[in-house]
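Shared between the two complexes below is chain A, which has chain B as its partner in the first and chain C in the second.
The block that comes next holds the complex of A and B.
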């Protein structure tokens, strides 16, 4: 137990948590945007997976940033595809989302085999690149806290820093710009923006595209930093955890970040625990993030209901 | 003076073949309040939708300031200075008043939404047009009357010169109606023009300068408000004389339904209604008065078994209803005409015949050995269609193809095809034309005379005053007053209790509650 505490309160663990949180954070922000526009994006999982593979394959031939952008583009295009089917052809958004997920599981294995010349499991024989880490070693020069600062802040993916910025950017967009107002209005009561001449369908379509793009960055981070290279089904439920994190984060960007961080911590634990407790089967440890998701959602909805009750009583 | 807005021989046929407008004319002068009246289905709404660009006319011409115009969508109408306030508000509940007002044309500062500017503009408009409303609270927390002001502000913010109000008084209490009229007069005084859709004739006569009457998709005529009376207008609307008068009960029987110390709570735990004590006798109509949302509808739902009871009891002829399911309550002689006929009263996709037996699936006449007896269903439907004069293509037509009034008649026919002991009625004639209203009122009084105890809730005070033998007033989930109906009782008196402005002494109330 002591060993676990020592591990958890180490700078290395902090760095691990940031790493595990980053893909989740992007997916959560993506889920948040489409959820607020009134279109529940259950395809985050598939979007991340396809973006991850796209980024890996492109990175073989192009610099890392082009690879990340191509992952983003892949996610955005899937978002546009969902918008097309849901808004133009009036298909149910949940069904369209699952179609994307199913397409992703099968399609990525097929594309992987094509790209690697037959390997259906990993991209190990592709020379894929990584997203660079941001080196802040100069912080060490600061007296006293320098070394700690360096240990905590240096070595994160450049995308992790982008993630922190995106939380702010999404918040600013949603609550400080007219278009954010439109988006939230469309999600809550579409008849109102419709009557005000706002193109409701267009707003939803762009939210799905943005949602896909964000999930795409998450996928790129996963396959170009957390792991280098693609493994089949490597997203392993992160897209669904992100959906839970949207609700747990009370549909607010900062809440979304905190929720993503919570799940990141437990994923981090699942990474370090097998070394400490080798008597616990690894499979059980790997279920921890998912069990926590379920528990957190139960707790959240219980607390939300109670808050509703106390508020109602306070008013009466 | 040249008219500001003109519609000339407008024709509109909907894809389903319904002829909504066929030679509709309207001529509105600048700075007047122009009422458009007519029965439901007379084509008022369609004509307004055409003026606002929601629908496109098949024939005819619209002229604005003498120039022909053509609106492909509401946006174009708004740009030309036409605004419309619908019966169903289009407001985002969690957004503040000012956010709702500016939504779609927000003041900007760079890419930023300029909140201070928006608040200032809303304050300025609400002062200028005497539409008092605080710009800051979320719209969902405001009473209906204020929400309506927000809608009007929305149109004014977009600089509407002509404001179309679609049945604006339907949702308001009498005092709120007065406030609305003050605002309408302020609008006209400042050079705006108001088109006012309505079917409550006393209000129309009070507020409007000119009145256009529509019937069957055509314009019957335009008159000056001061040249006509309520009766002559009603005759113009319906095309024949009608009497919207009903006889009071001849004598009531014993107490049929008793509500004792009833308490109702919402799912969230908030109290909806408490200390409800009521007695309804066989052969009388008890009117439940109150602004919507004060507990009347919930009381009816609780008695019908559609909502749990937190505390207290409801007896029907001595049997407690609480442990009984909806079906068991119906077996005890309960019938219910719900508020929303489309969501709760009918299955719109099912046929008339199916809807008419939907509450009687245990009846051997219609269901034998678990199979529907189609012949018996058809015969039943034919006789009820005849008895309740439901205008339809036949028993096999889907209920959804009927007009509002005929849909409501299907509900009434099903609930009253057998004499009930307790009849719950909520908004029986909302959105129903005068002819059907007359018929439904007659059906309700027939049920009463047959010995039913009737609980009636309605947003239309004149309906409550016309039908009820006794009335109780709800305010914030409590009964605050009770009256035995008489010709001296007016809507204004009820209104002061509905808004909690006056209170009744307990003795008077107790006497009228028996």
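The block that comes next holds the complex of A and C.
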């Protein structure tokens, strides 16, 4: 137990948590935007997976930032596809989302086999690149707290820093710009913005595109920093966990960040625990993020439900 | 539901036509993909379309898939009719398979009771696993989509662990249990093929789901809750009870599928990751069948053929089996959307002309 605590309160664990949180954070922000616009994006998982493969394949031939951008573009295009079928052809958003997920699970394996010349498991024989880490070793020069600061802040992916910025950007967009107001209005009660002349369909379509783009960054981070290269089904439920994190984060960007961080911590625990407790089977440790998601979801929904009830009683 | 029979036939014909159009479009896209990637596109496409009929063995494989696809399609149809998007069939299959295997490997496994008891255990395990997300939604308001998906991952990991560490024969390092005793494996209907009890179970289950949905008051309430939850509530239907029970009953069918998997002649044991993602394909079956239980076996027959063709294409030609996911996704997208005739509206849509002033989706 002591060993676990020592590990958890170390700088390396903090770095691990930031690494595991980053893909989740982007996916959660993406889920948040589409959820606020009134469309539950269950395709985050598939979007991340396809973006991850796209980024890996592009990074073989192009610099890392082009690869990340192509992952983003892949996610955004899937978002546009969903918008087309959901808004124009009136398909149920959840079914469309699962169509994307099915396309992703099989399609990535198919594309991987084409790109590697037959390998259906990993992209190990592709020379893919990584997202560079931000080196802040100059912080060490600060007296007293310098070494700690360096240990905590140096060595994160550029995309992790972008993630922190995105939390702020999404918050600013949602709560400080007219378009954010439109988006929230469309999700809350579409008839009112419609009457006010706001293009409801367009707002929804763009929020699905944005949602896909954000999930795409998450996928790129996963395949170009957390792991270097693509493995089949490498998202392993992160998109669905992100969906839970949206609900858990009370549909607010900061809440989304905290929820992503919570799941990131437990995923980090699942990373470090096999070394500390070799008597716990690996499969059981791997269930931790999923179990935590279910429990957190139930607990949070229960609290939200109760809050709603007490408010209704107070009004009566 | 006071449709007279001519108009009902019309509806059936219309739906079948839509599904067929979707399949044709999807296959056309598949042909393009094959043309772009294969060295011998003709052979690959021919294998995809004709290989399942090439021998008794492949036909047995096809029918075996049809039985399983029917069961997962039924499980999804039940929850979709109640408009619950519970995606937990995969987890239920694993739990059902686990408990069927435990019974088959226990002393009961060598008695004639093995098959019914194992099936019953699997159904109970699946029902419990289906009940959890339902209860969490009804009692706490937790989204059933997220919780059921999480439960899938948990079930797969737990079953894989149990197989690796406890159920596999010690010291062999195998990732599967030993073969069950013969009394616990479904008898073959046609000797030498995989044509076994599974297909009969699937047909009985189809009838059972149809009866539950269309000939009992529970089914009527369930469909009402699915169609219009507000109205159902005004009519005094306890929608949360219907919701939970729909997910539980669907879970029982998911569990039954688990027992069909492990006790069928294809396996006859419990192996890691045995479902090969088949459980999730029930979504496609249920969507194309419009969640109508009587349509499910027919859709499963057609889709199973395509699926088997893809498997054989992956083995015999240079096009990977996974190519079929493109076809799956297109079929779901087209059938779930409201394209009427693929020509007119689709092209008008492409040109950016709205066919009718879009009504705001105020229902949400």
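By definition in this document, the second predicted complex is superposed on the first by the 308 of 316 C-alpha atoms of A that agree within 3 Å, B and C clash if a C-alpha of one lies under 4 Å from a C-alpha of the other, contacts with A are read in each partner's own complex, and residues count from 1 in each chain.
As a working rule, contacts are C-beta pairs under 8 Å (C-beta built on N, C-alpha and C of every residue); 3 or more make two chains touch, one makes a residue touch a chain.
In this text the structure is predicted, and so the values were computed from the model without any measurement.
When the two complexes are superposed, the chain touching more residues of chain A, out of chain B and chain C, is C. Of the two partner chains placed by the overlay, only chain B lies in contact with A:182; chain C stays clear of it. Of the two partner chains, neither chain B nor chain C is touched by A:145.
Of the two partner chains placed around the shared chain by superposition, chain C is the only one that A:114 touches, whereas chain B remains out of contact. Contacts of A:89 after superposition: chain C is touched, whereas chain B is not reached.
Judged by the touch definition given at the top, the superposed model places A:62 against neither chain B nor chain C.
In the superposition on chain A, no contact is made by A:169 with either chain B or chain C. Once the two complexes are laid over each other on the shared chain, residue contacts for A:254 go to neither chain B nor chain C. In the superposition on chain A, A:194 makes contact with both chain B and chain C.
Overlaid on A, the two complexes show chain B and chain C touching the same residues of chain A, namely 189, 191, 194, 305. Put simply, chain A touches chain C in their complex at residues 38, 40, 42, 85, 88-92, 94-96, 98-100, 102-103, 105-107, 109-110, 113-114, 120, 189-191, 194, 200-201, 236-237, 240-241, 243-244, 247, 281-284, 286-287, 290-291, 293-294, 297-299, 301-302, 304-305. Those residues of chain B that touch chain A in the complex are listed here as 73-75, 78, 86, 88, 90-95, 99-100, 103-106, 108, 111-113, 154, 266, 268-271. Contact residues of chain C toward chain A in the complex are 37, 85, 87, 136, 139-143, 145-147, 149-151, 153-154, 157-158, 160-161, 164-165, 277, 280-281, 283-284, 287, 320, 322-326, 328-330, 332-333, 336-339, 349, 358, 360-362, 364. Across the interface of their complex, chain B is touched by residues 176-178, 180-182, 184-185, 188-189, 191-198, 305, 308-309, 311-313, 315-316 of chain A.
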